[in-house]
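Residue numbering begins at 1 within each chain, and the chains themselves are lettered A, B, C, D, E and F in the order written.
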Amino acid sequence: MLTPWLSWICALLLIAGLYGGLIYAPPDYQQGESFRIIYVHVPSAWMSMFVYVLMATAGGVGLIWHIKIAEVFAKSCAPLGASFTFLALATGSLWGKPMWGTWWVWDARLTSELILLFLYLGYMALQSAFDDRRVAARASAVLALVGLINIPIIHYSVEWWSTLHQGATVTKLDAPSIHIDMLIPLLIMALAFKLYFFTIVLIRSRTEILEYECNSKWVSDLLNETEVSK
Amino acid sequence: MKPLNTTYNNAGKATGESGFEVSGLECIRQDIILFQDISFKLQSGDLLQVDGVNGSGKSSLIRILAGLMQPSAGEISWRGRNISECRYQYQKEMSYIGHLNGVKNTLTADENLEIMKALSGSPQSIPLSEVLAKLELGGMDGITLNRLSAGQKRRVGLARLLVTNSKIWLLDEPFTSLDSSGKSVIEQLIVEHSLQGGITVFSTHQPVEIEGCSIRHIHLGKK
Amino acid sequence: MVVQEFFHMGGYAFYVWTSYALTAVVLIFNVVQPLIRKRKSKRDLIMRLRRNLR
Amino acid sequence: MWRDIILAFRHRAELFNPLIFFTMVIVLFPFAFGSDIGLLNRVMPGTIWITALLATNLSLEGIFRSDFDDGSIEQIILSGYPLTLLVIAKITAHWCLTGLPLIIIAMFTAFLLSFPEHVLQTLFFTLLLGTPVLSLIGAVAVALTIGLRSGGMLLSLIILPLYMPILIFAMLAVENKMAGMSVDAELYFLSGMLVLAMTLAPLATASSLRIRMS
Amino acid sequence: MKPLNTTYNNAGKATGESGFEVSGLECIRQDIILFQDISFKLQSGDLLQVDGVNGSGKSSLIRILAGLMQPSAGEISWRGRNISECRYQYQKEMSYIGHLNGVKNTLTADENLEIMKALSGSPQSIPLSEVLAKLELGGMDGITLNRLSAGQKRRVGLARLLVTNSKIWLLDEPFTSLDSSGKSVIEQLIVEHSLQGGITVFSTHQPVEIEGCSIRHIHLGKK
Amino acid sequence: MWRDIILAFRHRAELFNPLIFFTMVIVLFPFAFGSDIGLLNRVMPGTIWITALLATNLSLEGIFRSDFDDGSIEQIILSGYPLTLLVIAKITAHWCLTGLPLIIIAMFTAFLLSFPEHVLQTLFFTLLLGTPVLSLIGAVAVALTIGLRSGGMLLSLIILPLYMPILIFAMLAVENKMAGMSVDAELYFLSGMLVLAMTLAPLATASSLRIRMS
């Protein structure tokens, strides 16, 4: 029921964010127009971490209380999280070339983000290695929880090491060191990404539940109503 | 043959409380329902044989009873409590022997028994040589298991029953590779165990000759 | 002129537009793929049910 | 009882195997990198750490696989002792047989190469803090993947991201020390990882084993 | 059930030459003489059961017959030639199934059968699905063996007999973990094999119900 | 038929496993030795060779052990094909899955590090000639020790002296090339070893397997 609403709001926000980011915001005095990558880079990077935390939490809930919905949700998160991580890496790389003069360096933030991608891939590979869905869900939840350690490392890496990567510009609580005209589109984009994620994850989860419950009565009833009779 | 195991850990508590109770058990593997709505009660001295064709879910049932697998639905309780609540206490009173012997091929019979003993944490010590003699393995103690025959290895695996001294025995095809005398040794062990108030659940495809106590049957799969 | 400038992105066109294009592709893929899978898994389930009914 | 269990697990492992393995690497070392002491000194920490990663990973897999194949793991799970404790015992035994000899041999080699002493100390501490973490994390990953069809690949895929931070911090510490900087931050981080791994990894291993059994 | 294997490799040569001949076989393991002076002759259609208690040397004898182990003394000849002289030709006409199934747990039944076929180099191709159906494994082809039950795994191991199509079968406890219907499938296979002129040597601790051909027995160990 | 057999053996191994394993080592590589390209270039050949030794050794042991544990080895011996041929097939399959990917990844890494081209060629040839020898010799040693109580230790002890000459000559070749000298002698030696190993090792492996079975 929720998905159409979510997707409309999401589309609107995306358009607004794109307008704000590409047209409204002034060019950066140091980086010129290239800074506009921020509007895809930073939301993806944030989402990559956010989704992981969500996935691990849901996995943990499923592991402890054996709640099916949580298991399904965690499983549906993984491909999206991996996509966001990939985007963060790719757009970061595309930004790094003009800014740092290189596509890639082995610096702490970049590396830990790469590790995050591997974690997602490992999680998905582990999920598909089992045939029993519940066993798969529980085993991969353990992995997700163990990998959670990486999230703070990603976030604080810029503080702990001297790195090439930008320090906290937006997430400083007191005073973001970024112009307000640049900030607003960024926040809109971030929100749009978040809604996008929830929309897709809902769609995914539904399919997943259908497959999970293939032995139960309500699924056969549901399908009977709609199609089997045809 | 003298009975070796005359007392059980926590044997005192048994009185008054119910024994082993299974209700509404269901097992689904690879989206196929193996069994559904299995319920039974086992009291001290009961003997249950699980029957069914290959792949009907006998091993799955026994593993679920052992607490190795989670059932898709249903409950198993021991002394009135769900076995996943009192897991370690239950395990201390239970011995499971599956298709695999759970012994190390590169160690000797002696060393394997010592590991079993250390892991079971059972306090009283039956001399290991006596255990081996009872299983007709006398003189085999210093030989690593990869130099024993299949039946001799199975006997070392089954020695766990004598070493750990527990009240519930869950035996998945215990007679595999045993000759007829080995088979009757185990059958006799089961009878003794039952007479002393132990509970045994076992599966086998071979005809069983047990005298002195009655066997209940449960049949899995289509008839 | 303004439009051209916009697409030029102050010389960073390649980097900026590649990032946006990549993002668009990935986001669209993530919409399409679950929809396809939903259709497919529904069809599979129905086949399964029909098989069981018989 | 505690001693018994550790002994029981130790029994099974090969005491000399990892020792010889490391000796082999150390002996090969000058052949592989030439006999320029300066260069040897520079690459020694890295080599030792990579060896540690590989050795831990592969020996852990061997131990768990044999337990899995012969049904020992079922009996361990059903032993009536908390599985977490048994896992700790198993990992401890494993570390005593790989991590410990590695450290000893590394120190010995460093001595032979007259490795600068203050850096040696740092290397020692990183190894002391880091190798148990490798064993602990490795146990989780192995427990998750053992016996699966694509187990080996999965194991590498899972273990790589988890080992990477340890390696990075250990090498950072050694490099900083060489450059004369403070290494407190790195050692704190490694200690933190160790504490975290010690509390969480046995739990995670135990629950993965349980899950894998069903 | 239609017989699947109607012709044998090199079947033509059998006439005129003697079949399988064993003379003065002796086996010593760990300085203990397991058996001595074993001699027998097997012709086309013969069926030999090896009896004996656990550890009496049944598996050792069968392994020696297969050419896996060397006897301490004695000779085995096939078609008049010592089997170590015509090793590969002998092996092409012989199938051995031991205590271990010789199958890969991480592969599916299909893949395992394909490996067996590739290794046996047998030219004619019985459809694998037919083989599986015959062993009551229909529909199990795509499942890796570590998700099959013990009996189902054993059946995949025994499928070797149907895939390789050889004249001599050496079976060490083939009925292990099989249910009664699986056991009778194998028994029937053995009978068919024998009726078609095959030779079978097998060991088992279970009562065998074979009708239609006579079984010779050989007893190992002390009586 | 020949193709069938090789395929049969390949089936069992994991195609991606060694690839990921080597990628892991290569990814760890800059972490372990810092990002100084000059240093990385100097230690690369040595690291690649040590990795090759370890990986060959351990994966061979894994393959044979699993064949030993599940009875496949008996069936291979009894298959009716000359065992030597089957051993060759098995070793070939193994090399295709470890040696070959190693070489490919090594070349790729060298390319990324802009390793000097003329030395790269030498490194390539040493790997091409040397890694099959590793697989061949390893197979003999593993066949001799598999399933023994102290198999692991024995394996290392047997393998170490056999591998050493290969490693030494390979490294000599690379160093000589770096110094601008001729490397013919070393390459001839490696070729000789390869020819020798190819003719003798399968025979030795086959007969050790036969002996181990009884």
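Observations, loosely collected:
As a working rule, a contact is a pair of C-beta atoms (placed from the backbone, for glycine too) under 8 Å apart; a residue touches a chain by one contact, two chains touch by 3 or more.
Computed from a prediction, not measured in an experiment: that's the story for all the values here.
Path length between chain C and chain E in the touching-chain graph (shortest route): 3. Averaging C-alpha coordinates per chain and comparing to chain D, the farthest chain turns out to be E. Chain closest to the overall centre, judged by the mean of its C-alpha atoms against the mean of all protein C-alpha atoms: D.
Although chain D and chain F share one sequence, what matters here is the overlap of their interface residues, and that overlap exceeds half of the numbers used. Rounded to a whole number, the gap between the C-alpha centres of chain A and chain F is 41 angstrom. A straight line joining the Cα centres of chain A and chain E is 58 Å long.
Inter-chain centre distance (chain A to chain C, centres taken as mean C-alpha positions): 15 Å. With centres taken as mean Cα positions, chain F sits 37 Å from chain E. Looking at chain E, one finds that residues 99, 105-106, 147 touch two or more other chains.
Among the residues of chain C, none is in touch with two or more other chains. In chain D, the positions touching at least two other chains are 69, 148-151, 153, 157, 160, 164, 168, 214.
On chain E, the positions that touch chain F within their shared complex are 63, 66-70, 88-89, 91-92, 94, 96, 98-107, 111, 114-116, 118-121, 160. Taken together, the chain D residues at the contact with chain B in this complex read 1, 4-5, 7-8, 11-12, 66, 69-72, 74-82, 86, 213-214.
Contacts from chain B toward chain A in the complex involve residues 28-31, 33.
Chain D contributes residues 14, 16-17, 20-21, 24-25, 27-29, 31-34, 39, 42-43, 45-47, 49-51, 53-54, 58, 62, 69, 150, 152-153, 156-157, 159-160, 163-164, 167-168, 171, 175 to its touches with chain F in the complex.
For chain D in complex with chain A, the touching residues are 137, 140-141, 144-145, 148-151, 153-154, 157-158, 160-162, 164-165, 168, 172, 185, 189, 193, 196, 200-201, 204, 207-208, 211-212, 214.
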